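In the two assemblies presented below, chain A is common to both, partnered first by chain B and then by chain C.
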Partner chain A sequence: MANVSLQNLKKQFGTAVAVSDFSLQIEDGELVAFLGPSGCGKTTTLRMIAGFVAPTSGRIFIGDVDVTHMPAHKRNTGMVFQRYALFPHMTVSENIAFGLEMHKVPAVERDKRIKAAQDMVRMTNFKDRYPRQLSGGQQQRVAIARALAIQPKVFLLDEPLSNLDAKLRQEVRDEVRALQQNLGLTTIFVTHDQEEALAISDRMVIMHDGIVQQVGTPNDLYERPRNLFVADFLGKMNFFTGSVNPQGAFVSESGVLIKTSPLTEAVKTVGVRPERVYLANEPMFDNSIRVDIKAVAYLGSHIDVTAQYTNRSLLRCQVANSSAIVTDGLRVGSSAWANFKADDCVVLDT
Partner chain B sequence: MSKPTDSLVLKAKLGMGLAFPASVVVLLIIFVPMLMMARYSLNQFSPGQLMKAAFTVSNYVEFFNDPYYRKVFLSTVQIAAICTVLALLGGFPVAYFLAKTQSRYKSLLIILLVFPLMVGNVVRSAGWMVILGNAGAINSLLKWLGVIDQPIKLLYTPLAVVIGTTAVVLPYMILTLQSVLEGIDFSVEEAAQNLGANMFTAFRRIVLPIAAPGVAAGTMLVFILCMNAYATPVLLGGSGITMMAPSIYAQIARASNWPMGSTMAMILLSASLLMALTSNWLIHRRYQKTMIS
Partner chain C sequence: MFSFHRINPGALALRFFVVLIYGLMLCPLFFVVWLSFFKDSILYFPPSGYTLSWYVNAWNNQAFANGLIFSLKIAFIAAAIGVVLGVVAAIGIIRHPFKGKQIVNTFLLSPLLMPGIVAGIGIYLFYIQAENFLDKDLVGTFGGLLMAHICLTIPWTVRMVSANLHGLDPSIEEAARNLGANSFKVFVRVTLPMLRPAIVAAALFSFIVSFENLEVSLSLVAPGSTTLPIAVMQYLEFNLDPTIAAVATIQIILLGGIMLLTDRFVKISQVV
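Up next, the complex of A and B:
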């Protein structure tokens, strides 16, 4: 295993800039997620690290070796592809054996590793099956085993769970995380699914249009987003645009005064997460807004309430389904107070 | 449960009914003449009449005993084999490139590929005559460059036949290969490289085995086309080289020896099929456990 250093990576296709000035230090054993909408550059960056795309400028170091211009097959990165990319003309064992053969691992060691890899992903009973005889989840596990059998320095995953159904996705995701931690693998995980990224990464990189928006732990990024894109992209957010008045208080365009902390003159947007907005029959906390309930969506574990204030603005509130009493009182058309604390607000100067 | 099966049976009958006219036409146009030729091949040749009704294999015996006929047969097989190999070697890179390219000109390139097929073999062979002839493009160029004094004999040689035939079958080979290669998910190539295989190893161990069915199909098609080539060998081969199809024509149209002509036709038919199927079988066997389908 090794650390990875990306220095000012840039990739341009003609006039389109896919990745712009990407720099990052990934520690040995860390799982870093690249998260962002389609086309944000996360897969391109991953492919530059794997060696399938040559950077327009910038450098890539694996361990202390500059691999920027090293061909893909020499980099010793193990990659799991979105569509598995298993060799259809080889059995599960043969698929796993291929990398070991390429790395000239002696036969005895090779057999040991194949067996270990198969056991690790619980595919031992399928070792003589062909990919077409396996389900999506099984194929993905073989792909993981195949990538890890060669004991790569870096483990790369390109949206490995996108083609799996929801339940399976969570299972495989947890398995990957468990494996990664047990083996201490330096891992880069590309995904467009926030839940995945939040759930398993040590750190996340959020990208948009080729530019890194913010890097940090899941907690950092969710609780303290540093720009509008990150605040809006992760989870849901209620935004109040406005400005700080001469008296030093933030007033939204709709005329609502909001107490936040911290508060500086430069603040232009204040945000508060729906789960931090408490609907009650009376005002409480630092901020209380009188609202009319417009829509109630029952989602099982929680309830999404859309409430209206000052004629046109909407506020989203998330109510935990902790008891029937709480949820019974939510009726479309009724009024309530939407309360939230100053500490729970996110302030942005854009 | 009777209703769904009733409608299924009705659909099947309807399908068969609709296919009937076309099947009859195919039967009449293709199989009946072939059966007739098979019958004629067993007749005896008699110079005055077209043929004498008989039931003899003497024509077949004569064909295989006569060194002249054997040579015709072997030349045909040789040339067909050479052309097939050349088409494969030349066509595969093109098909590979076409299958992988994302270029917006892809459709255009494919049309360019198919274009020559619209022109027709005879016209294309005429074109080759202009290029390969003693006063043709190549000889004129070489003379002008001072490389030669006397023209090189290119036309009316086996080489000319090989060039002309390969040119004709190349698009067929490319299109067959390309359609198979299109179906390959090329991330397996990347996966192979990621696991330590260089470009060539990845191609040899991964892409090629997966493409094997396509290669087999393309080879079979092209080989049969080459074995049965008529216009190209006649126009470009001249008297120096005799192949089966022109020879059959000569037997039937000029020598009026229908039994012999029919015999040769039957031999050509069986030989082409047999050799093509054998090569197909061999390729399948070689890549048996490694093939997808």
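Up next, the complex of A and C:
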């Protein structure tokens, strides 16, 4: 395994910029997720690391080796594709053997590694089957075994779970994470599914329009999103747009005073997560807004409440379904206080 | 109230239609085979009796025997060369986008669009010009005829292989590169085996197209070395007995046999 260093990577297709100025240091054994909506450049970046796309400028290092201009077949990265990409004319064993043959692994060692790889993904009983005789989850397991059998320096996954159904997705996801941790694999995981990224990554890179928006641990990104895009993309967020008044307090356009820190004069947007808003019959905490309850959606583990304040503005609150008493007071048409702490507010760049 | 009508009229109509279409397709074949057993040397209906003598007649006819061997030779070589060229062209067109690729694609398919006789005359005139220029014989030579037949076979390979290639996920080839295979190994170990059904089907169709071609060959063969279809046509100029039907029946059995045999190993029906 090795660390990966991306330095000012840029990719342009004609005049369209797919990735611009992407720099990132990935540590040995770390799992980094590239997250973003489709077309954000995450897959292009992964393909540049694998060697399928040549960067317009910038450098890529795997370990200490500059691989920027190295052909894909010499890079020793193990890639798992969205649509499995197994060789249809080869059995499970032959699929796994292919990479070992290409790397000229001696026959005895090869057999040992094929067996180990099959065991690792629990596919030993299927070793003589062809890909078309396997389910999607099984095919993806074989693809993972095939990629790891060559003992790659970096493990690359391009939306590996998006073709699987929900239950299987979680199962394979957790398997990938367990394998990655047991083997200490330096891993880059591309996904558009935020839950997936939050659940298994050490660090996440959120991308939009080819530009890295923020890099950090799942906790960092969720609790302290830096800008509007990250805050909106990851989870849900209530936004207050406004400005800082001469007294140094933030006042929203609808006239609500929001206490938060750190405030500078330039601040235009403040956000608060719906689950950090507490509905109560009296004002509490640093910020309290008088609201009318407009809609209540019972979602089992929690309740989504849409509340309205100062005529027009809406505030979303998520109430945990921790006891029956809590839910009783939530009736459409009734009034309440929406309370949240200054610490739970985040200041956002636009 | 109509519950006693067990048969759905729609399904019945469909069945009738299917039988009709098959009947129309198989009708000529059926009559050719039937005619080949008629006793009378002038086609006469109903026949006065049945005989196998036309098969003996066909077998003893030197022109047919020579034509068959010559046609098999031309068709085999033309198909072999045409498939190789067609596969290379299809991969170039589908996997390596380049400027003007649509024009190249249309150009490669153009022999399909042209009436055979026009193509034949066109090639003939071109060969005459080329002969003047190169000071070498082309019309009436084996090489000249072979090149013309290769032109006929290429569109079939290009079409079938590019259709198949189009449906293949390019990430399969990328996976092979990722696992350490260079371009040559990717092609030999992954791309080519995946295209096997299309290539086999293309070879078969190329063979048939070349084997049964009359129009293009017509202006290019030399006296004495003719293809089977030309031998048949020449025989028809002076005779109208069921020998021709016997030759046709042998040809149908030969080609049908090759097709069935091929289908046992590669499911051509999946490609075509």
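Operating definition for what follows: the second predicted complex is superposed on the first by the 348 of 350 C-alpha atoms of A that agree within 3 Å, B and C clash if a C-alpha of one lies under 4 Å from a C-alpha of the other, contacts with A are read in each partner's own complex, and residues count from 1 in each chain.
We take it that a contact is a pair of C-beta atoms (placed from the backbone, for glycine too) under 8 Å apart; a residue touches a chain by one contact, two chains touch by 3 or more.
From a predicted model like this one, the values you see are computed outputs, not experimental measurements.
J.: Overlay done on chain A, so just call it for chain B and chain C: clash or fit.
T.: clash
J.: If we overlay the two complexes on their shared chain A, which of chain B and chain C does A:146 touch? Say first, second, both or neither.
T.: In the superposed model, A:146 contacts both chain B and chain C.
J.: Would you check which partner chain A:88 touches, where first means chain B only, second means chain C only, and both and neither mean what they say?
T.: A:88 contacts both chain B and chain C.
J.: Have a look at where A:132 lands relative to chain B and chain C in the superposition and call it first, second, both or neither.
T.: first
J.: Is A:218 in contact with chain B, with chain C, with both, or with neither (first, second, both, neither)?
T.: Neither: A:218 stays clear of chain B and chain C.
J.: So which positions on chain A get touched by both chain B and chain C?
T.: Correct list for chain A: 50-52, 71-74, 76-79, 81, 83, 85-89, 98-99, 102-103, 146-147, 150.
J.: Given the complex with chain B, which residues does chain A contribute to the contact?
T.: Touch residues, chain A against chain B: 50-52, 71-74, 76-79, 81, 83, 85-90, 98-99, 102-103, 132, 146-147, 150.
J.: Can you list the residues on chain B that touch chain A in the complex?
T.: Those in contact with chain A are residues 185, 187-188, 190-198, 201-202, 205-206, 209-210, 287, 289-292.
J.: Can you name the residues of chain A that touch chain C in the complex?
T.: 50-52, 71-74, 76-79, 81-83, 85-89, 98-99, 102-103, 143, 146-147, 150
J.: Spell out the part of chain C that touches chain A in their complex, as residue ranges.
T.: 169, 171-172, 174-182, 185, 189-190, 193-194, 196
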